[in-house]
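One chain, chain A, links the two complexes that follow: it is found with chain B in the first and with chain C in the second.
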Partner chain A sequence: MLEVEGLTKQFSSGIMKKRNVSAVDCVSFHIKKGKTLGLVGESGCGKTTIGRLILRLVEPTSGKVVFDGIDLLSLKRSELRKIRPRMQMIFQDPDSSLNPRLKIGTSIAEPLRLHGTVPKDERAQKIMELVETVGLNPEHVNRYPYQLSGGQNQRVVLARILALNPDLIIADEPTSSLDVSVQAQILNLMRDLQKKFNHTYLFISHDLEVVKIMSDQIAVMYLGKLVEVGETTDVYNNAKHPYTQALLSSRRILLKGETPGPADIPTGCRFHPRCPQKQDKCAIEEPEPVEVEKGHYVACHLV
Partner chain B sequence: MTRMKVNDVLGSLGLGILAILVVVAIFAPQIAPYDPHHTYKRMERPSSEHLLGTNDIGNDILSEVIYGTRVSLFIAFMVSITAITIGTSLGLIAGYSGGVAEFMIMRIVDIFLTIPRLVLIIVIAAFMPRSIWNLIAVFIIFGWVMTARIVRSEVLTLRNQYYVESARMLGGSNLYILWRHILPNVIPLVVVQFIMEAGHVIVAEAGLSFLGLGDPVARSWGTTFHYAFECPTLYTSDVWMWWMLPPGLCIVATVLGFTFVGYALEERLNPKLKTVVGMEI
Partner chain C sequence: MRISDLKTNFPTPDGIVRAVDTIDLSIRDTETFGLIGETGCGKTVLGLTIMRLLHPAATMEGEIIYKGKNLLEASEAEMRTIRGREIAIILQNPTTSLNPVMRVGEQIAEAIRLHQGLNKKDAAAKAVEMLDAVRIPSPSQRANEYPHEFSGGMKQRVMIAMGLACNPSFIIADEPTKGLDVTIKAQIVELMKEMTERKAMLLITHDLSVARELCDRIALMYAGELVEYAPLKGIFESPLHPYTRGFLGSLPERGLVPIPGMSPSLIDFPDGCRFHPRCEHATEVCRREHPELVEFNAGHFVRCHHARS
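For the complex of A and B:
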């Protein structure tokens, strides 16, 4: 359904002396239809940028994104607008995902109005259907976003997306600004919707527990690069990369130092300054991804 | 009294003043006792016939001031509407599109902001034929600048809101996003700018007309001022009391009206100012 190959984004700053900051560096993965890939990593590692690159909300520097057989990066703006309804993104903050001056019902109706798929006189009924699907009450339609809770607003966002009947949904930390109890409700709702509509999810999060519940596959990201990709069970039970091991360890293997900024990425393996199992080679040579078992790739000199 | 209440009182006061002025301007022919261009006996003192006397060529001063309301307000509103529309459009384009368009617009704004506005307006107006439309044009040239700047900076923050990105993903065109999601959120700022600009124009127009750069046919308050000043006996007698004072008070009242309404609105519409405690006006 979605294939990403060598996706790279460099931001440059400065006029006289160009300085390149590589936010995402040669990232490759693929997601099958109806499945979920969980993208994990600490904040600032480039997870969100990947989501935006795929949708071309930010233009990639290089790489390839193939969605349902269509090469997205070669599309013109007008062609892209036609295909965009099939790929949608859910953002971290539900409250600012809705225009504060529009009623909930108007927000949900927006995609219907833009695409005219549903005739005018059936719109009200369609909105009611959507509202019910995401577990809201009909009276919420006439309220404003500030009158609803974060969890309810995230349901509204889901309803608005469902109106388009998309194939791919990129969820960027959809629950991280919600209370724990509400988080579970939203996650369950997302899973139910996936079963019902056969959505493909790219689920971006820093919360390993959440990703474990939601994902079929997991990709672990560090400083703009994927360090480990594989089936959820394989990665959780048989983590090969020292970074993944540190993230997953119940005893919390403490990593030395802080994550370097994307402006000064270490030479060789970018994890080596903090790696507990560092070797001489790691500081010089960058490791290529190696398939350790079927569908389980690790970029580390130790494997 | 709290700050909020002070503002409400001032706001209503301002609104009252403006309402009276607008009514006077619209119904000037019904309200004014005489035709302002008709000549009577010259330099009459105030009497029951001519409440504010007559001027050096025999026009009824009260009628002149009443008709002057029309001219002054007309110029103020025409300039404000046009300048604010231009400023808002350019601000939207600059903030939303970025790139070359933004660079060009903002450099022009910078240039305009460094030029002393009133001095240049006087110079330009001095070289143009004296007419109401030329005055309006000159004020518009300088009136859009602040609005463009303010709108652009607001658009810069709005543009990165998730709901704007969502709208783009839902398939909304740039025009749709600007119209539906960005414009409604800058309107409050624009309204305040409109009111403030109208106040500025009233003062500037009075200044120019006072210097003799106004339209000699459509006489505004400033023009009345101008002719009063040319009268040699203005200071040696008490003529100024009915010739200069009334248009002067009208100018002050109008500016106060606009300012009060502007501040009250700003307080209402800008949530950041609401929490300020302490200092009372």
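For the complex of A and C:
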């Protein structure tokens, strides 16, 4: 359903001396229809940028994005607009994703109106149907976002997305601002909807436990690059990259220091200054991804 | 510290917000006590009540006895000698808690000068010492920088340095790991473990994995009151209250089973047990009678009509 190859985004930074900063560097993965890829990484690693690049909310520098056989990067703006309803995004903070001055019902009607998928006289019924699908009550339609909780607003966001009947949903930390008991409600709803409508998910998160339960495949990102990609069970049971191992160790492996900014990327392997297992080679040569078992790729000199 | 019958109310146009409602608990000299709860359950208000840092309109009842003294009866002048020196708070959200136009070293030194009466030079030296203690590299140079030059994890270290600068014996830490990355969170948990070893700490958090590593005892707070508290093991291995069980069950690593419904507002509680509208075991008595907090096993307290092991 979605194939991403060599996706790269460089931003230029600095006023006097222009230089290029790679936020996303040569990232490749693919997701099959109806499946979920979990993209894990810490803040600033470029995971949100990947989501935006796929939808062309930010234009990539190079690379290829193929969605259902269509090369997205070669499309003209008008052609892209026709395809956009099929690819939707959920953002982190539901309260700021909704127009505070629109009633919930109006917010849900907006995508129906803009894309004209449902005739005018059937819209009210369609809205009620969507409201029920995401587990809201009919009376919520006449309320405003500030009268609803964060979890309920995230349900409204989901209803808006379902209105367009998308194939691909990019969810960028959809539950990180919610309490655990509400997070469980929203994640369960997303899983139910996926089963019902056969959605393909790119699930972006920093929470490894959440990603584990939501994803079929996992991609671990560090400083703009994927360091490990594979089936969820393979990555969790048999992590090969020292960064993945540290993330999964539930704090038993302590990493020194912090992630450097994308403006000063270390030479060789990007992770080597923090790596507990680094060797001389790691500071000089950048490792290429190697397939360690079927579909399980690791970019590390040690494997 | 012994807290008994503590109530904190806020008058609002919509009614009285009962943020902390009849809380009884005592925290021993060197223990870390975890207070777990979801947004809006009143846990932060409890921390601020102990520090007496609430809005003047808030009303407080009950007792907070610390070293033989009732903090609720202390004058503002007395509180000023207690805050920072005896009881310190590490606030959540370091980005908004630090002054953006003041050098980091000066912010720590200010607290030291105010509470310990050191002169400017000695306070500045102590501030650098504290930055070193929380493992900020090249501390004397970093002391001259501004908060925006620090990363989120580093700012949280500064908050810890500031809280511990005057060597308090009681620490209130309000969500000290909120918003931090996984690998940075691990570093902060390790640092807190080390720095608070011989101190009493009230750790306020919604993150059970952090509480599990730092706490000796844990209390669950729901709708302004404690619903269960016990030693760490009791909560994780034999939780008694349906809310505690639901909270644990909704964690992704424990199967992601949500608790239906939402927490009630602190203005209008349900009758009887406050959790009954969301509880699958609720019966007639739960709808009618508000349960008391009772000791079920030694040291394991629970507020439920149907508590069973």
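Note that the second predicted complex is superposed on the first by the 298 of 303 C-alpha atoms of A that agree within 3 Å, B and C clash if a C-alpha of one lies under 4 Å from a C-alpha of the other, contacts with A are read in each partner's own complex, and residues count from 1 in each chain.
The working rule: contacts are C-beta pairs under 8 Å (C-beta built on N, C-alpha and C of every residue); 3 or more make two chains touch, one makes a residue touch a chain.
Because the structure is a prediction, the values reported are computed rather than measured.
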{"item": "First (chain B), second (chain C), both or neither touched by A:210", "value": "second"}
{"item": "Touching partner for A:36 - first (chain B), second (chain C), both, neither", "value": "neither"}
{"item": "Which superposed partner A:180 touches (first chain B, second chain C, both, neither)", "value": "second"}
{"item": "Partner chain in contact with A:188 - chain B first, chain C second, else both or neither", "value": "second"}
{"item": "Chain B versus chain C as contact partner of A:97, first or second or both or neither", "value": "first"}
{"item": "Intersection of chain A interface sets (partners chain B, chain C)", "value": "none"}
{"item": "Complex interface listing, chain C residues touching chain A", "value": "38-39, 151-154, 181-187, 189-190, 206, 209, 213, 246-247, 250-253, 256-260, 262"}
{"item": "Contacting residues of chain A [partner chain C, same complex]", "value": "42-43, 149, 151, 179-185, 187-188, 206-210, 212-213, 246-247, 250-251, 254-255, 258-259"}
{"item": "Chain A residues within the chain B interface of the complex", "value": "55, 57, 81-82, 84-85, 87-89, 91-93, 96-101, 110-111, 114-115, 157, 160, 164"}
{"item": "Chain B residues within the chain A interface of the complex", "value": "161-163, 165-173, 176, 180-181, 184-185"}
